[in-house]
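Which chain is which? They are A, B, C and D, in the order written, and residues in each are numbered from 1.
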Amino acid sequence: MSKKSKRGNSPGVGRRGFITAATVAGAAALAPPLAAAATPRAPDAVAKVAAPPTRVAEGTMSEVELAVRDLVIANRILAHENVVDAYGHVSIRHPLHPERYLLSWSRSPEQIEAGDIVEFTLGGEPAGGDQRPPYLERFIHGAIYAARPDVHAVVHAHSVEVLPFSISATKLRPVIHDGAFIGAEVPVWDIAEKFGHETDLLVSNMAQGRDLARRLGGNQMALMRGHGFVAAAASLYEVVRLAVYAPRNAHVLQAALLMGGKIKPLSKGEITARVEGPTLQPNTAAAQRAWAYWAQRAGVADLLPPRPTK
Amino acid sequence: MSKKSKRGNSPGVGRRGFITAATVAGAAALAPPLAAAATPRAPDAVAKVAAPPTRVAEGTMSEVELAVRDLVIANRILAHENVVDAYGHVSIRHPLHPERYLLSWSRSPEQIEAGDIVEFTLGGEPAGGDQRPPYLERFIHGAIYAARPDVHAVVHAHSVEVLPFSISATKLRPVIHDGAFIGAEVPVWDIAEKFGHETDLLVSNMAQGRDLARRLGGNQMALMRGHGFVAAAASLYEVVRLAVYAPRNAHVLQAALLMGGKIKPLSKGEITARVEGPTLQPNTAAAQRAWAYWAQRAGVADLLPPRPTK
Amino acid sequence: MSKKSKRGNSPGVGRRGFITAATVAGAAALAPPLAAAATPRAPDAVAKVAAPPTRVAEGTMSEVELAVRDLVIANRILAHENVVDAYGHVSIRHPLHPERYLLSWSRSPEQIEAGDIVEFTLGGEPAGGDQRPPYLERFIHGAIYAARPDVHAVVHAHSVEVLPFSISATKLRPVIHDGAFIGAEVPVWDIAEKFGHETDLLVSNMAQGRDLARRLGGNQMALMRGHGFVAAAASLYEVVRLAVYAPRNAHVLQAALLMGGKIKPLSKGEITARVEGPTLQPNTAAAQRAWAYWAQRAGVADLLPPRPTK
Amino acid sequence: MSKKSKRGNSPGVGRRGFITAATVAGAAALAPPLAAAATPRAPDAVAKVAAPPTRVAEGTMSEVELAVRDLVIANRILAHENVVDAYGHVSIRHPLHPERYLLSWSRSPEQIEAGDIVEFTLGGEPAGGDQRPPYLERFIHGAIYAARPDVHAVVHAHSVEVLPFSISATKLRPVIHDGAFIGAEVPVWDIAEKFGHETDLLVSNMAQGRDLARRLGGNQMALMRGHGFVAAAASLYEVVRLAVYAPRNAHVLQAALLMGGKIKPLSKGEITARVEGPTLQPNTAAAQRAWAYWAQRAGVADLLPPRPTK
């Protein structure tokens, strides 16, 4: 049975939390105006947020406001932790409309603020008519959300530690405990297989996005030959953690390989225990600790909820 | 004769100093109320510190206040020097109660302040009933303090330079003078040997902690397969120094190995001279220099005692 | 047909934009006094800028002022991204006088301000009589501008990731999509071939500069044995991008080579699609995004034009 | 003929300049009271500086004040450029008393201020009775100054890029132009050869210092097995440049070696042209540029003399 089927097909069930997408049904119950498909839309998610219809968590913020806030934090974290530079992006599935996702217009992650977040259809069109230029490769996100109802957050990046495995015969696999999140299998997608040897390597349309999503399959991560990787997870916290630790896992694996001799990778059981087990879920103290730490380093600690008191 | 037995079994004898745990007997003499086991306890060490019964050193701070202050500095140093990130932790044996240790609740080391330090029993329970979530792997600390009366400070971390040796057939050994502190032998503990191939690799209970402590034996450092390392020393300064230089030693060893040919490691006599000799003990100017430098870089120079005047 | 001839021999045609050299003809039409060769010159470009004769773009700045501003930004970016240190330099062809180029006097790129930019003849003389000491290796720039009418910006640097390929039998080639800009061929120039084994390796006169330009040929980049590289492009944005990503490409290539086995480089068609295709030209949102990001990181965001509004 | 004899035995002849030791004779002529051996001494160089007898350069500073200022800058540069950390040190021969040298007491280079500089005899005693603890390894400096009249500045450090060559059969040699300053030969000194296998690897007395100086011979740099390196040069600028670029040269050499195949090192003639030629002497614009850049990065730009105006 694949990981995907294990997780079930209901988007976000049981994953409410500080950085988790809400269930569609629950959110709709709380926010009927927003859930109504025919509601006229403001130019982008942020404009919409300006008149929040409901307050579901953390005091006075709506589900969508929380999602936007967390997405800003995720962008800043990935930039500060050197997962992305001028390029690379992170998205979140819309917490109320599973057939939409939230993603910045064409800005670098380190510079993104709430007002930069745009709502897209799964086909990659700005749902509210936003006129600012979008990322060329936004199709990656929609294609994965369409293929994977269990996925609520997607990262695309070009980390130099991961890239050697995208052009090498050596397979990337998890060898450290925090690397387990990449999953037991990390397939490599080569755009040239289906789209020939004259592309600019960018995922520039839905056909390419869908082909990439097919190669990703039910896995957490796929490498893109000579280009980078995609990571997909059930929550924003999980996809950020994966993207932060995948390069370290790649670094350790490569270093061990270069010293020669046999190496000990994680076992299937260990990978499953990390990914599926209770200790590292997004609502645990261990997860919250990392999110708070990364956010502070990235200069956005002021966006976090207050920490627990003794 | 092992290093452990050489150092003797009296905790902290002769190691008083700016970052050294006090002897139990001496401290008890100075601070009887705190040494009395039946004394009711405030929720955590810091609350207790708020009403210090005695002032033993550096003007107006109690033994416990000094320990807490030094532990905060140690956390910040390890974070700034990239030994720990969101994860990893450092503890100190309680200066008055050798059957207790001081450790933060579940926060990242870079964010830790005095108010975050909690007192734990060797079994891993918060001694004063602190309600904040603890580190999942606190059992590492108690198990080592229980097995090693000579140890007063413990670090657990996941440095990427050290990790390749935890999954490789190549042994980590000291090759640079500041690497001597890792000791002549660095055993590798594989959690799967005793606890099977389906753990999440975390040391989640005392049984696992004790098994790790057994593998550590009388050594200063043990690798944890696919996970990280533990370091144990007679004082906070020593364990921090070990944790800072172990990754550099690993880096140099690996680089030399990759160039091929025979390499020259440190001799047993050189390792002993570094670890046991007089020049690098915690009370020397050389040690104080490093502590002051690391603390300044980590942004906590204001916590340091004043420097000597000419 | 070489890339050079494909791009045509008219300097800058069709490349107007925020960081692009203007066409000579167009600029001359707008700025006749500056285009007149007999015009008396102020001591340097900046003094001249102080009395701008025309305002052609972005409000109130002249073509030359814009070029100087962008060159300051480029210097700061290359310093901040670790492409250059105390040494290394970047120039731009004069936007109105193709037989001149703009380059700082002998300062480190991180410290350069508008007042440091000097106008040089292609032979390497300060056109306005500036008395400050010039870079010893300024001849690199003039020789390339003379040989390559399609080139409007040149970088010379000593990146440690690129240098191993300058002394090794292993050829540098593009393996990642952002590395495509180095081009399919990266020739290595060894100063000793023509100038003997007793030089200080610096390009100290026009004869050496011309020899280097010949080895560069119609390519984007050439390595200089034991010394560094030159990069040449049609605009400042393009040469900065090349210089930023060439080291990362070199890093990834080397890492993949060390793991052994066959590696997959970019195909010729992929390289061409990246360099010639529409998606990554300097006037695209993707290009502007990187420039804005790099400039902000380098501390010169205040020099940028305002960003688009939704 | 060795480099040493080429440079002559008169300390500092012809090397006056912004970071150069003055000739003894000339300085003595300007500052007779300080040159008189019987003059009572203040506790350290800085106290002495407080009542400067002569003003020889850069306005109102004495030779000694200038030396102290430059030594502070050098310390900060080496710390900021990651050549030294808590440990490692740099000294300058006393500008008026060639049988003395200036060096900090036991502080980390990043923290050193003018008041920390102490005057030492070549035997390693504080000349003015300073009571602060000195560096354990100060004997390195005196032994080299005694053996090498041409040397006016010495660095001892433990750079991780250089260390692998100290324990490997692979020889460190210059392969990049800025690496030429390490010289054609870089001998390796193993303390165990003469002092046995039970030392703590530190140069703890003059006998060890002299043995190291003998191995250094007439070269610019020697590696110390499992410990670090010493660098010796005719001026502070030169020794800092050597110490900054030696690690980069080591990094490039190692990377090229790992890729396999034949590599091209610098020729003897190229090394000589770099070290002896006119273009890179301390009084050139190219040298001043680096010093100003490094000092600004290290946060001590305010200590620099003003830069040239056009």
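For this structure, a couple of remarks:
Keep in mind that, in the parts below, a contact is a pair of C-beta atoms (placed from the backbone, for glycine too) under 8 Å apart; a residue touches a chain by one contact, two chains touch by 3 or more.
These numbers were taken from a predicted model, which means no experiment stands behind them.
Path length between chain A and chain C in the touching-chain graph (shortest route): 1. Common neighbours of chain C and chain D under the contact rule above are absent. A straight line joining the Cα centres of chain B and chain C is 51 Å long.
For the pair chain A and chain B, the distance between mean C-alpha positions equals 36 Å.
In chain C, the residues that reach two or more other chains under the touch definition are 258. Judged by the touch criterion defined above, the protein chains form a single closed ring in which each chain touches exactly two others. Each chain pair that touches appears in this list: A-B, A-C, B-D, C-D. Contact residues of chain A toward chain C in the complex are 43-44, 85-87, 105-108, 110-111, 115, 130-133, 135-136, 158, 160, 163-164, 167-170, 190, 192, 196-202, 204, 225-227, 254, 257-258. Within the complex formed with chain B, the residues of chain A that make contact are 175-178, 180, 248, 251-252, 255-256, 258-270, 272-274, 277, 279-280, 285-286, 289-290, 292-294, 296-297, 308, 310.
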